[in-house]
Every structure is written in C-alpha cells, then in structure tokens.
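Structure incoming, see below.
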Amino acid sequence: MDNIYTPYLMNISDVTDEAPGVRTFRLNFQNEDEGKNFKFQAGQFALYSAFGYGESTFCIASSPTRKDYVECTFRQAGRVTNALSELNAGDTIGFRGPYGNVFPIEEWEGKNLVFVAGGIALPPLRSVIWNCLDLRDKYKNITIVYGAKTVADLVYKNELKEWTARDDVNLVTTVDPGGETPDWTGKVGFVPTVVEETAPDSKDTIAIVCGPPIMIKFTLPVLEKLGFKQDKVYTTLENRMKCGLGKCGRCNIGCTYICKEGPVFTAEEISKMPDEF
Amino acid sequence: MEKTLKKEKLNSLITGLKDKGYKTIAPKKDNNLITLCEIQEADEIHFDHVQTNNSIKEYFLPKTEKILSYTIEKTKVSIEEPEGFAVKSVVFGSRPCDAASLPIMDKVFNWDCTDKFWIERREAITIVTIACDKCDSYCFCTSVCLAPDAKQGSDVLLTKISDDEYLVETETEKGEGLIKELETVFSEPPSGTPDRQVATVEKKFEIDKVKPWLDENFVHKIWAEFSTKCIGCGACTFVCPTCHCFDIVDECTMSKGDRVKNWDGCQFKMFTLHTSGHNPRSTQDQRWRQRIMHKFKYYVEKFDNILCVGCGRCSRVCPADMNISEMLEIISTDEGQPEPVSKE
Amino acid sequence: MIEALRKKAEELLKNKTVDVVYGYGEGSVPERTRPVFITKPEDVNKLTWNKYCVYNLTTYLKKQESRKLGKPAIVVKGCDAKTITVLIKESQIKREDIYIIGVTCTGIGDPPATKCKACDVNTPLIYDELIGEKIGNKEFSFEERYAELDEYEKLSEQEKWDFWQKQFEKCIKCYACSSICPLCFCDRCIVDKNQPQWIDPSAHPRGNLSWNVTRAYHLAGRCINCEECQRVCPADIPLNLLNKKLAKETEKNFKYRSGYNVDDELAMATYKEDDNQDFIK
Amino acid sequence: MAEETKFEPRIVAFLCNWCTYAGADLAGTGRNQYQANVRVIKLPCTGGIDPLFLIKAFERGADGILVSGCHPGDCHYNSGNYHARRRWNVFRPLLEFCGINPERIQFSWVSAAEGGKWVETINGVVDTVRALGPFEGYQKINAVGSDASGEAATSGDTG
Amino acid sequence: MSKKIGVFVCHCGTNISATVDVEKVAEETKKNNPRVAYTTTYKYMCSDPGQKLLRDKIKEEGLTGVVVAACSPKMHEHTFRNAAVKTGLNPYHVEISNIREQCSWVHPDIPTGTDKSIDLVRMMTEKTRKDKSLTAIKVPVTKRALVIGGGIAGIQAALDIADGGQEVVMVEREASIGGHMAQLSETFPTLDCSQCIMTPKMVEAAQHDNITMYTWSEIESITGYLGNFDVKIRKKARSVDLDLCTGCSSCWQVCPCKKIKSEFDMGIGNRTAIYIPFPQAIPSKPVIDRENCILFKDARKKNIKPNDSKVCRKCIDACPIAPVKAIDYNQEDEIVDVKIGAIIVATGFRELEDGLYGEYGGGKYEDVITGLQFERLASASGPTEGKIKRPSDGKEPEIVVFIQCVGSRDPAKGCSYCSKTCCMYTAKHTMLYKHKVHDGHAFVFYIDIRCAGKSYEEFSQRAIEEEGATYLRGRVSRVYKKGEKLIVLGADTLTGSVVEIEADMVVLASAMKAQDDAEQFAQKLSIQYDKDKFFSEMHPKLKPVESSSAGIFLAGTCQGPKDIPETVAQAGAAASKVLALLSSDELEREPVVARVDRQLPPVFSTCIGCFYCQKVCPYSAIESEDIKARDGSVIKTVARVNEGLCQGCGLCAATCRSKSVELEGFNDEQIYAEINALEFN
C-alpha cells in the first residue's frame, strides 16, 4: 500500500528572489517517470518539505500548461520556510501533492476575467493567470489588479513587465501610499480603491481575488458595488495544515476542510461559513 | 459463531495466541492505572475495572509514529519507508466502546485516500472485546447509540455469563478465523438463553437534539461559560478513542531524520496557530466549541457518525472536571432561543 | 466555613471589590469539585469547600479567559497561596490586583495528598480575608519535608534510570502538567519553540525525557509543591517527585524555599559567592 | 555483543571564551598533548549555557559532557559563572535523580593561564567516561524513532 | 538567504598540516556538508595572498558564509572578518574552526587529528548556516564627563578633562572640595605643604569654565550606559544660598554652638553649627549642620518648619545680605538631572574606625590618635596651629609611639591588604614631630618597612638615621593608661625582647578602608567591587583605570590604597581615557548583544515579563517595556535589552525559560546547529 505521506523528491533547478524574504523555486522531479505522470490544475496546493525541518503548505505557483516543472513561491516565516530559504539550486526538497480543489477555468470560458491580488497572494493566482493566458483565446478581457506594500514587495517583477507589454492583458499595479519609488509608474493606493477606480465591467465577468484578509474584506464590497454576484467571485483560503488530506483535523472552518473542499471558494460559499477565520 | 470461554482456559488462550504468532494486548494493572498493554501471561490480565485508562486508539494510531525516515547526503535525500509497524496482534478485553471507535475512524482514515498506517494495523489486529458488566457515572455509551455490549468494531465479543464463563460471539470473519485457530480453548455454547451479565448505563441525553442545536448555535455564550475552567491541555483528546487529530514533524540529526506523526489536540492553542501569529481559534471557548462541533456535527455531516463512543475518559481525566456529557445534557435540553453574543 | 466563604464572596461582589470569585463548586461526582467563576452575588451558593478542593485555583490567574472576567477574588489554601507570592515576585500579578480569600485547611484528597503530610501552611501565609479558624502552622525538619524522596534517592543509578524511563514512557505529551501549573505561565512554552526545536515534540522516550526534565528544571526554585502536575497526569507519572527533588536541592544549597517570603531573592535569579561548588573541579 | 571494540568516549565540552577556551589554546601553544575525544563548543560565558544544550548533546550521542569556565571571581562578565554554578547545583542532582551518572556531566574552572589544568581536566573526563562505558541508556532512547515505530518505543522491552 | 559556504583549510606552514591531513579535511567537508559550495587549502591563510584568496573566492563563488579552519579565533578571527568585509560580506558570516591550538598541536596522530578536524569543521559549517548579518551598534556620545568626588583624584581628573576642552560636572558630598589631601600637613617625601599645593588646584577647578561643581551633593541615581548616562544629582539642602552668600564669615562667628567636633579636624578640633569645614574651603561658603543646630533641633521637636522656629536666629540676623538673606532655613534638597557621556569615580577612602583596636586604646584614650588626627595636629591651619599637643591636656608629648599596620595586613581583625602609605607617612610623622618637638622621642613599631617609590627609601632612612626615630620591629600587644602616661607593651622581634614604653601619645597608622557606602554606591553604578569593597578595575594589569562597566573609570583610593602621586597619575590616566571617549561623536560596539524576541501582533513578543533576565544581568542592561495598544492601554509588559549596556554574556538567554532572549552571534539556532552536527549517533 502506498504511503500517502511520502513526498516526491524534487530538485531545485532555479531560485529567484522575488522580494525581501520572498523566493521562487523551480522544481523538477528527480524521478522522471513520476514527473511524466504528475498532473495538477490551477488552484491546487502542495506540501513542500525541507528535510530535517518539516513540511509547509503553499500553492503551486506555476501553470499546469507548463509541464516540465513545478514552481512555488514562498515567504520566509516559520521553521520550514526559513529552512527552505537556506537551500540552493541543486538541493533536494520534498513535494507532496497536488491537493485540494481547482479553479473551474473551463466554466469561465468565454467570459471576462478580473484578477485581484495583494502582496504575497499573487503566487496562487499566477498559476491560474498563466493557465488562462496560455489558453488566451478561450477568454475575453483579462484584467489584473496587483498591489503590494512597496515597489520592492511586488513579486514576479519580470512577469509584470511581460504582462504590461502584452496588449491582451490589462495589468494595473499599485503600491500602498509611501511605498512608491521616484521612478514608479504604477498607481499609488490600496487595492480596493484601485479596483474601484479601474471599475471592471461585472457583466459576464469572473473575479478572482486573493490577498491578505484585510484586503479581501474591503475588496469584496467594492466588487459587489460594481455588480459582481457572490458566486462569480472566487478566492483561495489558507489555514494551518499538516496532512493536506483531510485527516489531521485542523484546517476546517466549521464543517469545511480547506485542504479537501478548498482552497478555492466562491464568495458565496465563504459567506455561509461560520466566523472562524 | 457462538462459543463459551471458561476463565480457567484463559491460560491456554493466551499461550495459544502466542503460539500462533499473535502479540497479545490486554488490560493490566500498573500502579494506579489499568493499561491496555502487551502481556505475556494470562495472569497479567485485569478484569475488575470499568474502563482502561488508555484507549484502544494507541494500537492503531500510536501517540508517536514514524511515517518515513530519510538520510541527507550533501544535496541528496533518500527516503526509507517504515516497515513492520503492523504486527499481528489480538487486543483482548477492551471495552465495546473502544472497539466501536475503530469503524468510526476507519472513515476518516479512508477518506479519499488511505492512511496505510491505520489500515494495515486494522488488518493485523483482531479485537476481542469483553462487554461491560459494570459502569460508572462517567459512562454514557447509551446516550450515543451504543451499549455496554455493543458489537461494532469487535471481531469477537465476550459477555460474562457466570463468574467463570464468557459467552463468545464472533462478529466478523476475522473473529471467526481466530476462534477457529484456537478451537480447543473454547467450549460449545450453552443451551438455552445465557444470563448475560451486562451493566446498565444510564442514558444522559437525547442525542437527536444535539446536532439541531449545534446547527443553530455556533455563536452562543455557553461555549465561554462552560470552558472558562478549561486549562487548554490535551488530556481529553489524547485519552479519547475517537480523537484522531495529529501533527507531522521532522526530527533529525544533521544527516538523518524521521518524519513523525504525533497525537495533537484541538484544545491546544498552538493547534491552529498560523506562523503569522494569527490564530483562527485563539480562545479556549472557540477550541472547546471545535471539539464538540467536530464530534457531534462536522463528523456526522461528513461521515454520518458521531465521533464519540461515550467511554467517559475525557471527563474522568479532565484536570478541571469539564464533563462532556454534562455539556451535551445542557445542549439537548436547551429549549431557549439561540443567544448570540457579540464576537470580540 | 462554607457559609462564611459564601458570605464573603457575596460581600465582595456586591461591593464591587472584585468582579469575579474563583472558587470551588460541586463536581461531576461527590468525590470531585471543580473550579467555578462566580460573577453574580446571587450565585455564591455555588461555592463550596470540602476535602476534595484539590485545585490550585491560582492557575487561572495566567489564563486570558478567566482574567477577562475582571478583578478576581481567589479562594486559596495555604499551599496555593504560596503561588501568589511567587507570581508577585515574578511580575505576573500585582498584590493589589487580586483579593485573596485564604481558607484554613487540614488536608485535602482521599486518600490525603502527599503534600499534606508535612504541611506547614495550614493557615495561608498571605490573604486578605481568612475563612476558617486560624491554625497554628506546624514546623517540619528538612528531613521530614523531603521524606518521600528517600526511597527513590536510595535506588542505584540503574534502578533510577529504569524507574524514570518506565514513568516517562507513559507520557503522552498532553501537557496537562504544564497547563495546570500556575507557574508555567510562559506565552510560548519552550517545547513549542521550533526554531530550533530543543525538545522533540514526540512522545517517545527521548522527547519525554527532555520534556519532563526541562519542565521540572524550569520550576527549580519556583515550585511551591501544590502537586497539581502530578494530580492531573493522565499517565500517573509521579511528576512532583522531580519538583520536590529540586526543591530539596534548592533549600539544601541556597537555603531557599519558594513561596514563603515575598522579600526573598528568587533562588535562580541570584547567587552567593560561597555557593556550593564541591562538584566543580 | 560479538566482539569487543575499543570504546572511545565521545565528549562535548562547552567552554567560555575568556578562560577555558583560552586555557585550551594555551595547552595547544605549549604543545601539551591530550586525548582527542573532545569536541569544543565555544560560548561567551558559562552563564550562557542552558541545560537544554546538555540534554541535546546527550541526544546527539555524547557519552560525557564537560562544562568549563572562569574561576569564581574571574568571570569576564562579573557574575556569569556564579549564576552558572547555581544552575548546575540544581540541574546536576536532577539528572542524577533520573538515573544519569553525574560523572557524565563534569564541571571545572580552568583559567586562561591553566593550559596544564585543561589537559589534566580533559584527560580526566575522558578516562572517567571511558571507565563508565558508553551511555547506553541514552543511546537506546536516541535510537527510538529512527529504527523503531512509536509503538515499539513504548513497549516495556528493556533488552 | 541561500547559504553557500566556503571552507578554507589552512596548513599554517606545517603547524597544522604536519598532523592533520588538510586535503582530506577539505575533501570530506566538500563531500558531506550540505551548503558547502567550495573548499580549498592554503599554506598560510592569514598571509596577504591567503586573505586575497579568501576575498577572491567569496566573489567568484558567490559565497555567503565562510569557515576558515586554522588557528584559534583569538588569533585571526578579526583578520578574516575584515577581509570578508572588503568583499561586501557581512563579517558575522565568517567563522573560525580552531584546528591548530585545539587539534594539530595537541594530537600528534594524523588520523586522529584529521578526524577531529573534520568534525570541528562540520560543526562550524553548520553554525555558519545559521549565521545572521549583524551590524555594529552605534551609540551617540554625550560630550560631558561626571567626576564623583572632589579630592585630589577628582580635582586632577576634572582639571585634565576640562583642560582638554570637555565639560565636567563634579560632585562632592562634603561642603567643600579638597578631600583628605586638604587635611594633610606636609607630604612625603618632599615635605612640602599640602595646602600650598592643593589650594591652587581647588581654586583652579572652581574657576574653570568647563567645570560645574556641586558640593554638599550626592549621586541620587545613574542610569543609561556608555556615552549616554542619565545622572540625577541630589543637592542636599545647605541652608545657604550659594549665589547670594559672599562667605563673609559673619554668620559662623555669631553661631552659639561652638562645641561640635570638626570632621575636617578628625574630631580633635571644634566647629560651629553653621560652618565652613576649613578656612581654605571651596566654595568658601558655609553650610548649616542641621543635626546640631539648635534651631533645627527645636523645629524637629515641635514639628514645625525650621524658619518658624524662634529659638536662635543669630546667623540669619548677622547675615549682611539684603534684601533677601543668604541663609534659608527652609531650603530643601534639590534634584538636578544631567546627561553624561563618561564617568570617573574618585570617591576616596576612609580611615579605619579607631575603636576597632581597643587593645591599643583606640577610641578609648584621647591621646591615642590616628594618623589623620596627627596630620591635623601637625597642620599649621589645624586646631593647634601646627603645635603638637596632647588632645587630653594640651601638653607637648615627650615620647610618642607610632604603631604601624593598625588594621592593615591583619586579616583576622582588619584587612588583609597593605595600606601602602602608612610606612611613609609614619616616617613623615616622626620627622614632623622631631621638627616641632626637638627633645621629643619617636618610637615606631613596624612589621615591615615598605618604601618602594622614588626617594621613598631614602626618606624613611632619613627618619631613622637623621631624625633619630627608634624603629622597633614587632607588634604592640597592648596600650594602657598609667597615670598620665600611656604604657605601650610590645615586642622587639629583632632582639627577641619585650618592650615597654611609657609614652605621652600614641599614633596609630590606621588602615585605609573603602568608604562605608562603597557597596551600595557600586551597585548604584553597576560596577564591581572586591572583597574589601574597593572598586574593581576591569583588568588588574591592562585596564587598571576602567571599571567593570563601560564608560565608568576609577581614580584614586576608591580603587585601593595609594599615595598622592599614584592617585594623580591614575586620575590623569582616567581623564585621558575619558577625553578619548568624548572625542568621537559616536561609539561603535560589537553587535554581539542579547535581543528579546519581538513578533507581529497579536503575539508582540513571546516574553512573558518574569524579569529573571533583568535580575541576572550583570550590567543592568535589561529594561522593561510596555507594549501598548492604540488607545494607550498596556497589552503586555516585556523585557528589552539596552544595546548600549549589554556586554553579550548570554546570561539572560540561558535564564529565559521560554528562550525569548537570544544572544546575537551565539543564538539558539547557531548553538543548536553546532550540537546537532556532532554526529556521534
């Protein structure tokens, strides 16, 4: 019988420093067969292990359309992420996943998409953004509103440039007041305000929001005001997890296990959950 | 299959089990405790108790268990799968409530994917239960749809029919197989209806009223009122036969390590603490609510089972005398409207 | 006594001297009591006092949930009262922030708790109001105080190791011992520090040895011998033996007994130039 | 056990920077040879040694530990060694009470001038621990988890 | 940060490579240690090419951590850290593995030494994995010095600093500066008049633009640290307004209390209740002795304000200052706050209490006096105007016995140490006596004569040979009174005979003791003191004027008995240290300091505020900090380390039960990593 707790062994093939304390690993399966059989969909997460320190949960940040590798972006915070950040290209990490549900991107086909992300919450959306961009003709307008505290805190700076350059993507970047640099050309202001200013048309549009709780709290009313129905607004949740498999018993909000029924939820689903965030 | 077991045959039974390659786990007195633990001789077995202090859980979900080990050489890691954790054993003399916990927990350990550490042990271990001939005021199996002679989870159920004789009933093929393996130890069933000596466990609350109340009262002042005295330890969850929450940690030296699955409990404040310092269940009332909700609402919704077998251990060990059946009694008799209190 | 206790509690609540009274109430069974938190004068009849009032209620001084109820009056036996002295010394509470209802006590538990055998605080050393007839506190010799250690100290090294290994093996890391301890008041217990993880969190013999030894060591010169850790241990580990051993060494080496005098310097936060150093080469 | 292999005790020494570490340096400068069983961990002061360090050293397989710092009154930080001494005054009996031979944790004062005493001390520790033999008790519990399941770890098997 | 560690194994010529296979160490390290990206060996790492190699490889290989396996860190840790800094690498990512002093030099067997080296290097690479960048702590410096004590040490130090251009605040607890030196008659070995050389210095100090003087004042408290002390000075109520008073003497001339024993005259002269301690006092303005003044006595008795008492108002009536009198009976203590950058402690000594030697009649017979009392007798400005008279009857003593080592070198009763000055001043006393009483005879009982100092030996020889003092080697067993005479019973150990002398006066060369309140004072300053309560220098040889606390220096006899030249030299030395310190605007300190954990809300800190750390800290470097909510309410009170005071011992870190305090450079992760890398299992 397979051990559900055994991770794949992966090589770190590339390390990118995104922002202070934020880093992206590109990972390749050490066993090629495992790599060939591996499949995931946008929205899913995994448990990454720094051997000797333990496992940490975060989303898969690369698109399922890029099949040769998996990428993850994490911020140094606890024991495991600190240990991960010590690693270099060539080192081994463990990967257990993919777990959780997915963004229903097929349902979104033929619709406009608005992605709203704040700070270190762009990585969960990056997977689905690239997924949709790689299938560009299936979707109508794609708008991305992304904000961070300061210019330095913006992640995926190269990709932001790439998106800016593309004429089939409307990228709006913003930084919190005081976080701008002299040569900053984006907006200055908090994400909810910028969303309101950008005022994407809610008709036939799906909004995908991801960010710190405070940002979500203020963005949802803005979207509502813009006419977005709760079931057209998606977000991802995170909670402390140990197994990722619905067994260890801690990631539930009320009856809902984030690891199994999530992490992707509509605003409607979330509004029905008890207040235990 | 029905048989009887004479007490005088116990020796042969235990020796027989040993001969057939079984490890025997049975209640044994250890100072102030009655512990389910490995025994060698029938004499070691203790009978005259209500309940063992530890539950059967630890033979399927040990308090600490290696789920993999690895060696680190420079940049390379090699993983070694643990082996030999499922040892052919018989748990002899556990209580029906303990046995009943196992099929309940099978559900979560089989949810979508199978936890082999649980399942392989389940396969390797045969449960021979002895129905309760006595109980105490903490017992409430009858309130959670079980009974002192409940059969759920047992492979073989023994019921005392006289001072030196047990009625032996097999409940599963595995149980039947075991009895057959040791056929000579058992006698034929008595003719007529045997006098089953089974304790009478008082019914404390109407379980049917519990979930409807919980559905309505996620926010209620009773959570805080009842749990002010809770000290936030893990005693209740660790002695509970159905509490199965666990933690996964790495323990290692520089070059080799183990990934370990340890018991964890929802009453600890660390249980849900994010690395950011945020805690979705930051106060004891929230944690106490989680425990009750998990057992009597969430698990029911997910797996159609109450996550409680009424063994009463949590209430016996609670350092602050938090009594779960008392809580449920309050809930099941609360006729009033929900009393929402504002959240801080 | 119960009446006097209830009357006092009622008066304190009525006068708004305090917001809550931490006391003992009836428990699940007659042989048990449980902590109760009385906030309304009309509820004082829930208070009781008998030989099953084993709890050291001062532990609720460290808990945010009970502290939220406001300024407490707290029912303490002589042994429990010593905790308050330590808590004051260790800047955890201010004397004026609590009201101490001392109860005289001739022993609790059935059979009587070990700590009661050489009890020298039948009358609490610190209180605002004393309930019950004042009892002249007895004095015991050093040997009498630590008599229960004798049989264990006599064991050979191997016997000691085996004894404690057998005890620690039972530990399930439920942390009832530290949760109940009124002096284990750290926000983050050392066992929960994972960068680095000094104490293996697993309940295997290695993790259990380091946890139990560290827990005891962290109470050196502090433990006031309320024996709550031992009482609550679901694995029946005689934890207080470790605490007591440390108390003995602290008294032997530093002439210090925790909880007796608020003016004493904390044993483990000070030193004397002539401290014992026989063992140092 | 099949054959006798010569037991070499594994010793960890926690030394203060100012006295004993310098004393050990002096022994080196004087080319005073001693047994090579010791691995030194340097700290500013013995007062900075938490008993957890010692437990962890045993967990990582040490057969013996030496803690050494400045003589009383010589502490670079005025009173660090006095506080350390207090700690050991209670910690040592605690370990002894738990069945750990106190000879496995030794303490000494070795000044920066006492290269000779360092050699003597470390040889003494090595010899004493060699005579005591491997720290089997701890070795057994250290092995737990790495080659046995939790269940086996809790069985009363004393081998 | 990703860790890429480079390991450089030094041959140290053959010092290491002769007994350690350095190539194997490098190879094994490269092969096994995670995060080690580069290893090499080199003949002499500390040489210029060695350091260049280190710098080049840091850059080429992109190393973020370095382990140099070489000699003791005490030798070249600094060298290699500095080399790393030049490449832009933070120096605290460089660690030394000591494989020379603690390996190659002490283990001759190559396999053994090699194995141990591999282990030591592994432990250090693991520690390096956990190294964090640390930046030197910069502390601004307040350019003002505080000198505590206005004796010769304090005055000298203050003048030197003031002349160096820095501000000085001087605090003297007596009514006048001058100290013991002002009491002396003449000084050895030149016999020049003490007043003549002291008074000009006192005046200079008083008039110096850079010196602010507080007499009749004491230190209330000192907080802060090197460069940034906050000092509270208590100006005791003098009852006289120093600004108004001209020192005209009208008041003390009319004072009716004339029989108060003068402290300055060591009790053998009298003074009034409103008084100046001595005629040359600076400031030359009086103080009212509130204990003895009848007005204050009356006010205390009646529990009224002093100014409301009508018992005696002679002084205020006599005060010519108008319209506001210079005397203010109701004056109260005043607290002055000053910010200070460095401190010199020059609080001096006291003479051994004379009652201690009852067998010598000390404190019992009036004519048994102490050395300082003799100074006052011999002083031209003393109560006898320099005439040697017996205190009891004013007669000129014909035979005077001087007893040396009273209290000194007597661990049983007095002090174990030698008071250092007594041999010389006793010799001086015999001379002064002979000069004034030509027919007189001086006997000296001594144990040893210790006259090490320029011209000292010659001086004491002169006392014996030219001035005719009789030196007897031995102890005096008893002095008792017989009629008007004092019988001195002693032993002459050189002849082995018992000596009995009928003396008119006995002078005890009493020991120099630390001030009575030295212990409390040291605690106030957080400086160390020795068993005799003299303040301890940081290092007995190399840091003789530094106290154990950074920024606090010692001068004069508060640190131990010494004579005037030595005191002046030490004061000058302390002053130069202070000047050096005050010459920079900012001080840089090694960042090896403790830190109390701080976290984001809602945790803020894992510290629970038990303050054990504060109690064990030898430097008072732990403060308490209230973490407040937006509304100002206190959420939590936690410990905080004052970086300026912390010396990096780590006591707090080891004391903290929750390990919420860590020592930078030796933090928990680093030590854990070292232990974890033992790989014994």
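First chain written, first letter: the chains are A, B, C, D and E, and each begins at residue 1.
One rule holds in what follows: a contact is a pair of C-beta atoms (placed from the backbone, for glycine too) under 8 Å apart; a residue touches a chain by one contact, two chains touch by 3 or more.
All values reported here derive from a predicted model rather than from experimental measurement.
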Next on the checklist: Just to be sure I understand: going only through chains that touch, what's the smallest number of steps from chain A to chain E?
Outcome noted: 1
Item to check | Far-end chain from chain E, centres as C-alpha averages | outcome: B
Next on the checklist: Based on mean C-alpha positions, I'd like to know which chain lies farthest from chain D.
Outcome noted: A
Checklist entry - Between chain A and chain D, what is the gap in Å from one C-alpha centre to the other? => result 49
Checklist entry - If you average the CA atoms of chain B and of chain C, how many Å lie between those two points? => result 31
Checklist outcome for this item: Distance between the CA centroids of chain A and chain B (whole Å) is 39
Checklist entry - Which chain A residues reach two or more other chains? => result 78, 91
Checklist entry - What are the residues of chain C that contact at least two other chains? => result 190, 195, 197-198, 200, 202-204, 268, 270
Next on the checklist: Show the residues in chain D shared as contacts by 2 or more other chains, in ascending order.
Outcome noted: 52, 56, 60, 79, 83, 87, 142, 145, 150, 153-154, 156
Checklist outcome for this item: Contacts from chain C onto chain D in the complex sit at residues 152-153, 155, 157-166, 169, 190, 198-200, 202-206, 209-210, 213-214, 216-217, 220-221, 241-242, 245-246, 249-250, 253-254, 267-268, 270-273, 275-277, 279-281
Item to check | Residue ranges of chain E touching chain C (in the complex, touch as defined) | outcome: 603, 606-612, 615-616, 637, 655, 657-660, 668-669, 672-673, 676
Item to check | Touch list for chain A against partner chain E, complex | outcome: 15, 85-88, 91
Checklist entry - Along chain B, where are the residues that touch chain C in the complex? => result 30-33, 53, 63-64, 137-138, 224, 227-235, 237-239, 247, 249, 251, 260, 262-263, 265, 268, 270, 283-285, 315, 317, 319-323, 326
Checklist entry - For chain A, which residues are in contact with chain B within the complex? => result 1-7, 9, 49, 51-55, 77-78, 81, 90-92, 94, 239-240, 242-243, 245-250, 252-255, 260, 274-277
